[in-house]
């Protein structure tokens, strides 16, 4: 009998609930096939400093699926193809150290790499694949903006946390007859805002896909006033922007300009609503609360399925691909078809339509 | 301008988290189209005793999407086509009172009926459709066993509650080195057991679709023992049964017969494991905990989408249909194609495969 | 038989989980004694505009104990003894309209007032008591800084929400090897920070009662580094301040001054830690999340006990008092002994001692 | 410098949320004083088989306070003073092996023992104290029935879980107009039933301290019926019993006797209510759900304080005592004053009074 197949696995980019579930499924599935799995710490750092490699036996990953974060860490030192170094003169310069990664990978006897990450990490994985490392990508983002897969793990958890926050804010907004503006994550896509706003009973949802007019937002809020509802909940995606486009993002303000966004788009929207409607208005940024903690049952299962599927693809020698949910199955999609694509909320999709039907305003 | 279109709406069968979200979406969508909505209390009872009809204005349903249960009640007195009555002699006899329902429906000026319910309720709705009432069905079951729709609301909540229970039981099972057997709902299908067992890190999952051998269940548990895990979690669907088929369900026991199931299949499994492995074993029936309380964000959105879609179908005069999730859209499926079909867990689906890959036993 | 005793009840000041539980207990206890209860909307506003008074029958309050917020609203227009008005010239001036409140109270036939509120509201209640209104105060603050009562309702919920947030942040802080700084409420007292920091496993807790040195905070974090923990959680009370005292609070910044706190003390602490340790550091303000949503079981019971006790005091004709927890009983404390007192965290109490024993730093 | 003080620690009896928090506080407090801590696995078993001893460094216990269960296990083989053995003839006989425990304790160089446990475990700890082992007890029970301490950790978590279950059951009970009977833990005391019933809005609470009449329970439920509430929630402590006393507990039934309790007191109460009122009635046993999972913030803090206090007592050489909450402090109480005492719900306490005031029935 030959020596067992050796799988390397790493996690890259922002934290997402479900990372540990992928790792657990990979290790347990591999164990059943007599493969060995080794965790690479902190993205590709563990393949530069090879003391950061851990043998993952099934006992080590038992029930980590219910835990947030990643036991492998994600604090990579950068893209191995474009790694920042500080030179003698104290300046930052970039070098390509990818060959060292490939050499270490080979020297350590690995047969393939499972790379769990977002768009950036998958791009790097693809580049390593082109350099000869057999790679399988596992898509990861709480923002749900990755192409090719119907949904990503971490997203349901993020939406749940945001919805729970909205539930809490309703009671206090109502008691005080306030407008509460809640800024949620999502980068350039409105998935988290749309879905949490819908299930958390927002009155207004502002997303990047639909540029808003602050005047229409205010009119909608004051219209609710006429119907006897003296408070309002506004959910704002971090990437949302007013139609006029005259918002300056955090830190970019210049003196003399009037509409400076100091605290992000949520604070801007709150300030405008307060100014224009005279209503007591507060804003809140959910921030990192959305990406920590125990994954929902949905995210655990999706992540477990992705992990088990990745190992099955190794068995079938399918490399250079990403696992993706194509309901009801998990399929292999070539990495080159996936990278650099952003999946936006479809403007005429059923969820947007539902929100409009029940009277939620998008400020357009 | 003519008089506004009048929609009747009712909820039937077992409680499911999301019922109120459907009602909220129907009322708010209807309001936007200047339709009126009337709630029929307790299934069809409200159309027999017509004092059980409530006008549903948007204010009445604001934010009920986050609440469990149904504001309309589900305590119907039975199927109007086959209604039980106690006669003079004290015997129960059945009468067809469906004409009275149709007459009241017409006399009250309703234009159509949105019937939210499980297989039984949808069958009745279809029968009324055949008698001339324009009907739209909305599928409802926590068991996820309805055909035509990919998923039903209430299911994600049920799985979440079961998963949270399993999370809790892990710590106590581990501390005491016990086997914990948890019986979950699902009728004749294994959806809740499979999905909660997977995300709740069960060691064994027993479902109706896969008849089990108790000996194999015990071997699997004792095998874990060898690997240093001294406890086990077993999830049993209420409809699961051993391969030999010699189980007698609750209340059917006869003296002299050996394997009598007194407390349901969960208790039977626990007793057998205890007897055969000698391990300290406990059983628990989650019961009605699985169908109450606030729906998950997933279920709220699905239910809101179903409700809004039902109103759009009314606008399009599509009747005799059921709304169904056919990703990523909500579509209309003829009721006749839906009724009487049970959707079982596919034996070769990706979820079962994932569970097997990571070493979960189905006792087969 | 004479006419039933008529109780007025209002809620004032910031929202706190448990307000509805007090109202439910008052109404149900009163019902059992054949008293009538009337809700005054929005603090004392309902006694200025007497159309804002609601009869509270037991059916109206059934199970509201589990709901956040207050069904009576808290948006008062100000202190009736010092009410702001805009005069002809557009300037704000203050008038004493307390006599109008007293007259309306008498004209409506009320026998007594249950005033649920924080220090400010209790002061007003006491002033009305001195003007002849029989008053019973119920203490309310999530900050737990009221004297005379061991604990206030809303506090356990606020601590629970903050603890859950800390639990979530641990996983993401650890994965990214970050310092997470979380600013929590508490006004000039450190109760929420101390208690959530202890149960949420913070490494550093900064409270108003213990002025901190940022250098010591950084040393503690870097010390953890030596022990192999590459991340840290810092909880900061909104009222915490560095020992040097050179912090300027939000909005008070002046050009030319170096240490301007733009985003509150949490942001200041995060910025300093980042600058001094070089570690990736993020800050988060929990804000209104801490005062909304369903109360914990502890807060529900405390609030129910306060409400029932207030009605018992009415039966005993004890007025001018506040109900207070003096374990294991609820007692009546004269309002004059309570007002204007702030309860701070005792520096040598068992909780601080425990935190120090297990190695948590207070930055001193 | 002498060798460091060596502390042994074990956990005994039923699982309770907070056990790990005690362990974490002990280890971290000890570390700060340069003491060493060793975990004894599975009660006293680890001192019989001395390979079951683990050195507990601070890294091993970091953040386990938030986890349910106990990392030390509680599966002891019995009381070392009365240990069951199976002799040649296959009969069970009991031996006193306590000397072996004492010898191993000394041989391993331990200076003292922290024994975390319920009444039974504390009794054994006291017996070892009398044999010369310096012992400090830490009280543990979810049932809150231990004397001398105001409250025990695990109790708040158990009450929270039961309350959350009641919240869920309300919506389903109301939709179906059912009576839901929920049996909760508590042994011979009614603490969990009383406190969860109060915060979970039960209509009836049955506790061991107040023998109930089933007729009065039924009358109360049907009285609610008159007030327009068509459903009811009944919480039953596992130790509750009807006034007549003619209940036979599980497994003790004899043929010919009429009122056999097959499924525990909850099922008995449900059956009687169904029979006598004709209402659709269901029962549920919460069971082990109440003792697993992450402790509430309250329980974490209480447990951390107990652990830190135990180490302080070691520093002060106070042995033969139990730590106890005597608000606001944690004090040392001699073990001999504590053992064998059961703390019952005081019949005239404020909580019972509150429940009666708001119209909850105790069936008396």
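Quick notes on this structure:
To keep things simple, chains are lettered A, B, C and D as they appear, and every chain counts its residues starting from 1.
Just so it is clear, a residue touches a chain if its C-beta (ideal position, glycine included) is under 8 Å from a C-beta of that chain, and two chains touch if they have at least 3 such contacts.
This one's a predicted model, so the numbers in the text were calculated from it and none came from an experiment.
Common neighbours of subunit C and subunit D (chains touching each): not present. Between the two copies, subunit A and subunit D, the Cα superposition rotates by 180°, quoted to the nearest 5.
Taking the mean Cα position of each chain as its centre, A sits at the greatest distance from subunit D.
Interface comparison, A-B against A-C: more C-beta pairs in contact at A-B. Chain centres here are Cα means. That of subunit A falls 42 Å from that of subunit D. Mean C-alpha positions place subunit A and subunit C at a centre distance of 35 Å. With each centre defined as the average position of its C-alpha atoms, the distance from subunit A to subunit B rounds to 32 Å. Touching two or more other chains at once are residues 167, 170 of subunit C. Going by the touch rule set out above, the chain pairs that meet are A-B, A-C, B-D, C-D. On the side of subunit B, the complex with subunit D involves touching residues 11, 14-15, 17, 19, 67-70, 73-75, 161, 164-165, 167-177, 180, 230, 262-263, 280, 282, 284-285, 287-289, 291-293.
The residues of subunit B lying in touch with subunit A in their complex are 24-25, 28-29, 31-32, 58-59, 62-63, 65-66, 150, 156, 159-160, 163, 167, 170, 195-196, 198-201, 227-229, 294, 296-298, 300-301, 304-305, 308-309, 311-312, 327-330, 346, 349-351, 353-354, 357-359.
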